[in-house]
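For reference, chains read A, B, C, D, E and F in written order, and residue numbers begin at 1 within each chain.
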Amino acid sequence: MRIEDLTSKEFELRVRGGAVVILPWGATEAHGVHLPLGTDSIQPQSVADALAERIGGLVAPLVPYAYHSSTKNMPGTIDVSFDTVRALAQDILEALVRNGSHKILVIAGHASSTHMTSIKLACHEITVKHDVRIMFLSDYDLLPELADREGLDPHDGHAGVMETSRVMAVRPELVAEHRPPGRYVSHGYEVLRNPETCFPLGVGGDPADANGELGSRANQFVVDRLVDMISTRWGI
Amino acid sequence: MRIEDLTSKEFELRVRGGAVVILPWGATEAHGVHLPLGTDSIQPQSVADALAERIGGLVAPLVPYAYHSSTKNMPGTIDVSFDTVRALAQDILEALVRNGSHKILVIAGHASSTHMTSIKLACHEITVKHDVRIMFLSDYDLLPELADREGLDPHDGHAGVMETSRVMAVRPELVAEHRPPGRYVSHGYEVLRNPETCFPLGVGGDPADANGELGSRANQFVVDRLVDMISTRWGI
Amino acid sequence: MRIEDLTSKEFELRVRGGAVVILPWGATEAHGVHLPLGTDSIQPQSVADALAERIGGLVAPLVPYAYHSSTKNMPGTIDVSFDTVRALAQDILEALVRNGSHKILVIAGHASSTHMTSIKLACHEITVKHDVRIMFLSDYDLLPELADREGLDPHDGHAGVMETSRVMAVRPELVAEHRPPGRYVSHGYEVLRNPETCFPLGVGGDPADANGELGSRANQFVVDRLVDMISTRWGI
Amino acid sequence: MRIEDLTSKEFELRVRGGAVVILPWGATEAHGVHLPLGTDSIQPQSVADALAERIGGLVAPLVPYAYHSSTKNMPGTIDVSFDTVRALAQDILEALVRNGSHKILVIAGHASSTHMTSIKLACHEITVKHDVRIMFLSDYDLLPELADREGLDPHDGHAGVMETSRVMAVRPELVAEHRPPGRYVSHGYEVLRNPETCFPLGVGGDPADANGELGSRANQFVVDRLVDMISTRWGI
Amino acid sequence: MRIEDLTSKEFELRVRGGAVVILPWGATEAHGVHLPLGTDSIQPQSVADALAERIGGLVAPLVPYAYHSSTKNMPGTIDVSFDTVRALAQDILEALVRNGSHKILVIAGHASSTHMTSIKLACHEITVKHDVRIMFLSDYDLLPELADREGLDPHDGHAGVMETSRVMAVRPELVAEHRPPGRYVSHGYEVLRNPETCFPLGVGGDPADANGELGSRANQFVVDRLVDMISTRWGI
Amino acid sequence: MRIEDLTSKEFELRVRGGAVVILPWGATEAHGVHLPLGTDSIQPQSVADALAERIGGLVAPLVPYAYHSSTKNMPGTIDVSFDTVRALAQDILEALVRNGSHKILVIAGHASSTHMTSIKLACHEITVKHDVRIMFLSDYDLLPELADREGLDPHDGHAGVMETSRVMAVRPELVAEHRPPGRYVSHGYEVLRNPETCFPLGVGGDPADANGELGSRANQFVVDRLVDMISTRWGI
């Protein structure tokens, strides 16, 4: 159930009934030559929709912009600053709390640590200020367990086999056939002006063998885990 | 053509080819008992998509959150602060310019003057800083001419007959049958803590007679005007 | 009664007695070739002084600087930023509230919508935070009714016949004889780096026939309206 | 010559001719039982006007609000924050520089060190950024020499004999006959929540013998010194 | 060589000679019942001093305050905000660059990801703005390799056997004999108001067997690695 | 007793017992050709340590960075901005208060009025917000009395005979033999882009006759005065 499709009254009734609100946070970011710029929006949106159906939750409108560093200078990455992400997250959470939401899950499609930190700071600010429970993660926090079970390359990463498969499971028409492997150039601990040089093709790992079946298992795995977590911790 | 569906390369080629980028700015806001919370997102999204098709433009991912005052305290309004709207607009525009966009149209579904001011400040900041052309308006800046021609009540407003009709033209399943008229309570020039008291039902005007045909004419009118404006001013 | 002329004790007694505080907000801005840079300060100062006399109010020291866009690049416009106007308004209002003022009228001589928004945001912040009543307007919000009654050109505007007449009524020695008409160049909805190009002479309308009698009627009209509004809403 | 009385064109000609711009910074602050709240505005305004006449300078509109600490909680003090003073000073100076001013004198009537620091930071920011000369002081930086020569009590201070005399020289009707001496209560180096307790009557020294003749000598002394300083350093 | 012990001239000569500047960033933070609050300052200071000796570098004065979350509410943690850490790092780096430093290593004793992000944002800001090379890491980024080689518990963490041993190697008199093991209470992905509940004893792992020999090996390992990294990347 | 050497528990006990916390604020700043860059850190650190011993206080870790203007462009001055100093002071004080400290002394080694103002604003913010007592001064606020008694040149200043002697008393090995006198070039009240031109050698006064005995008397004098002040005002 997406919040944007409800009337004011319908929303109010569901929130009063204790519905969990799920805020999917996407991105518009270069993902190699084979994946669409909305890759990091497609994934949390599909997870949020499926999860909401399972737990009777409400999906807030997806935020399609994120903080980026390593792909910032690649065509099609539309990044916003650390402070803007933080302020936006804080304002949306504040508004949800004012609307009576007491249980909020924020799920991020883009999982870079700096981006995650900015949303986490906002979540923390809200939990200090209000009596509310907030869970925050990227689905990529959960997937290593599945990747291990599926025998994936541990270096699989951005636009790699897992991510490509997940988009293929949801929007196969947006994934190109030609999927060259990525290359990683280490710069050690230097803080670079142009961090995309670490990552010249915008791909981590080898997406050649990506397939929708793997993607579906991954998407299902994430939703199952989220259902478990919400059930265990919040009794829903 | 939505940017989120393109790869990095596809986006780059279109921007280099001079494509206008259209940024639709929506909102999540109470719209009476009959319209969905996403009303102000549905409208600029549909206009942006239709316009992009007409002029070969690119549609950036819609921002679904806005600044609100008069409906801020109504259930389902998820507002963000003036400064956050401004910062977000500035960051997105900055990123578009860095990506090579030289002609950008920002179209806002929510047209309150404070919200418009915040985006306008951001647009101005960017035009001062970069050699780029930005057009910014709400489709409600254009519609009075049509409303006049159609003989609508001049007090028709928020969630009124025009807005209801436009949503009916695009997402008829989201519009309720029961559509009581709004009521306006003047507080003169007092700046109110609870401005929703001016506007207790969250409706301006009488949406009873709304219909999809009127909505389609309105949507078409807005797109035609935008095509004219872009053609006249930017030669596209 | 101007606050600056009172001692601390005298001020305290009047505020305790419930006196309305009137804060006139002026500007230093190019006004064609015939009006002084202080035009937007002269008007609210004279209205505030006359109103205070009528209602036993207190006039706070006029702020002589505002936010400007369309005249920003013209000689003599001394503009301050949006954020500074907002911060200054908020601080002054906060200090007035701490001093015990419960009813405050802010009247702006410069009426551009961006400038008005910045002060309005400050007023709103204060009414949310404190139990206080604030009225905020430009006298140009009231004057269209009179302009209509007097049969003025509906395009009369900045440094036009109304504004020129009002300054002539108060400071005739500052108004030049030679008063060429303005010219407006539409740029549609483009956000311009140099918005003064819309407005190359810095005049809106034709001030040739301005006269002090009209100005006096206008000034009187504004004061009468303000007395009515304060009486109706605040019982003073 | 006050800027607010000039047209855009007249201002432009004088600035191009190299006229020094003088910005008087006042305050609205409790000054014992005998002096008006505008005391710190009256003094720099009168100095600025006299100085402008002597050197052919231009007087910018006086800012009537300042940062206050020791009198902040006394009735009638309308203080603004440190950051607001700084931002306002910076914006005004920036606008003057954009207008072509190359030599600017800022003269503060309120001389508390924190207030002075906030304006000084703004001045410094501008001199680092632009090729412009700025002189900044309070007339109370100059007066100790005269006070010494006149044999005044070295503890004479806020609302004391010097300040009272200076207001008497300009606006004698605003100065009360009854002028009890102040009292100072030391709190050492403690940073107090209520610093007015150091200073319970809002007076430093004994204003009983204040007189307009002393005030006139002081005002004259300040203007003479400023003329010397500007002549010596800027050749005007 | 510590910068604070050099004169202005001596510093200038060394910087001109191309000396790497090492900025150790410490913390004041609860570290169980057995370690001093300065634990995270002692470690980077000792590493920085030893490294400077090896490479002829200069050690900038240690910053003894950091951002903390999990131990924030424990006695003795003196935390500063995310924004303050970022601003301070940015200002210090800016000043070093203005002084002519072209190669700067920032080494953090406190390694929480949020704290690291704040310093990293500052480093990135500087590398974007200036032509300078900055390396930034915590020594705990390097130590997992050694911990693995030494056969340490992979859950060894804050105030655990490695950290305790390292302090014992440098300041043995500050480490208590009684060193009870820590306990970790998972709260999954909830963002907690009181994150110390995850971590009730303020210890991660079991410090009972800590010893100065292990600590010396660890400190030596970190310095050797840093020497290698600087040599490989910067040719020093 | 330095806080960094205590465990969490030991710190907690002492704070509960009412121990005064002393925060020494140093600087890294050019001090002529004869004094080390850490001169302004050495002094408050030695005073804080001695004072803590006398009154059973706790010394917080020294902050080694300050705001500088007149020496900002000299080699080795590592300055941080006004706002950063203020934020850092506010955060540290806030954390101390949260830890239960009720009596805090902040002692600054660098005494420029702008730097002092930034810390003072932070102290004031905290005393307004919390029920806590804060004393703030530079030891150079106390020393004029001794300088007078010792017959020192009243123009003795930065890196002069008093400051040099004080460093000689504590770290004699860091003070050079060759100590040429300073020179002061007045620029009146101009706010300079390069204020170091007032002060070309970075020395105020003549440090030739500096000696450790004078320094010891000065350091002792400061500690005695602080003991008196704390005893008189806080009964400790």
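Here, contacts are C-beta pairs under 8 Å (C-beta built on N, C-alpha and C of every residue); 3 or more make two chains touch, one makes a residue touch a chain.
The structure presented is a predicted model; accordingly, all values stated were derived computationally and were not measured.
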Touching both chain B and chain F (chains): none
Repeated interface matching B-C, over half of the contact pairs identical, chosen among A-B, A-E or E-F: A-E
Between D-F and E-F, the pair with more C-beta contacts: E-F
Between chain D and chain E, centroid-to-centroid distance (C-alpha), Å: 49
For chain C paired with chain E, centre-to-centre distance based on mean C-alpha positions, whole Å: 57
Chain D: positions in contact with at least two other chains: none
Chain order around the ring, beginning at chain A and proceeding next to chain E: A, E, F, D, C, B
Partner chain A, residues of chain E touching it in the complex: 69, 82, 113-114, 117, 120-121, 123-124, 127-128, 133-137, 141, 187-193, 229, 232-233
Chain B contact footprint on chain A (complex, rising order): 2-9, 11-12, 15, 26, 28, 30-38, 41-42, 60-65, 73-81, 83-84, 87-88, 91-92, 95-96, 98-100, 174, 176, 202
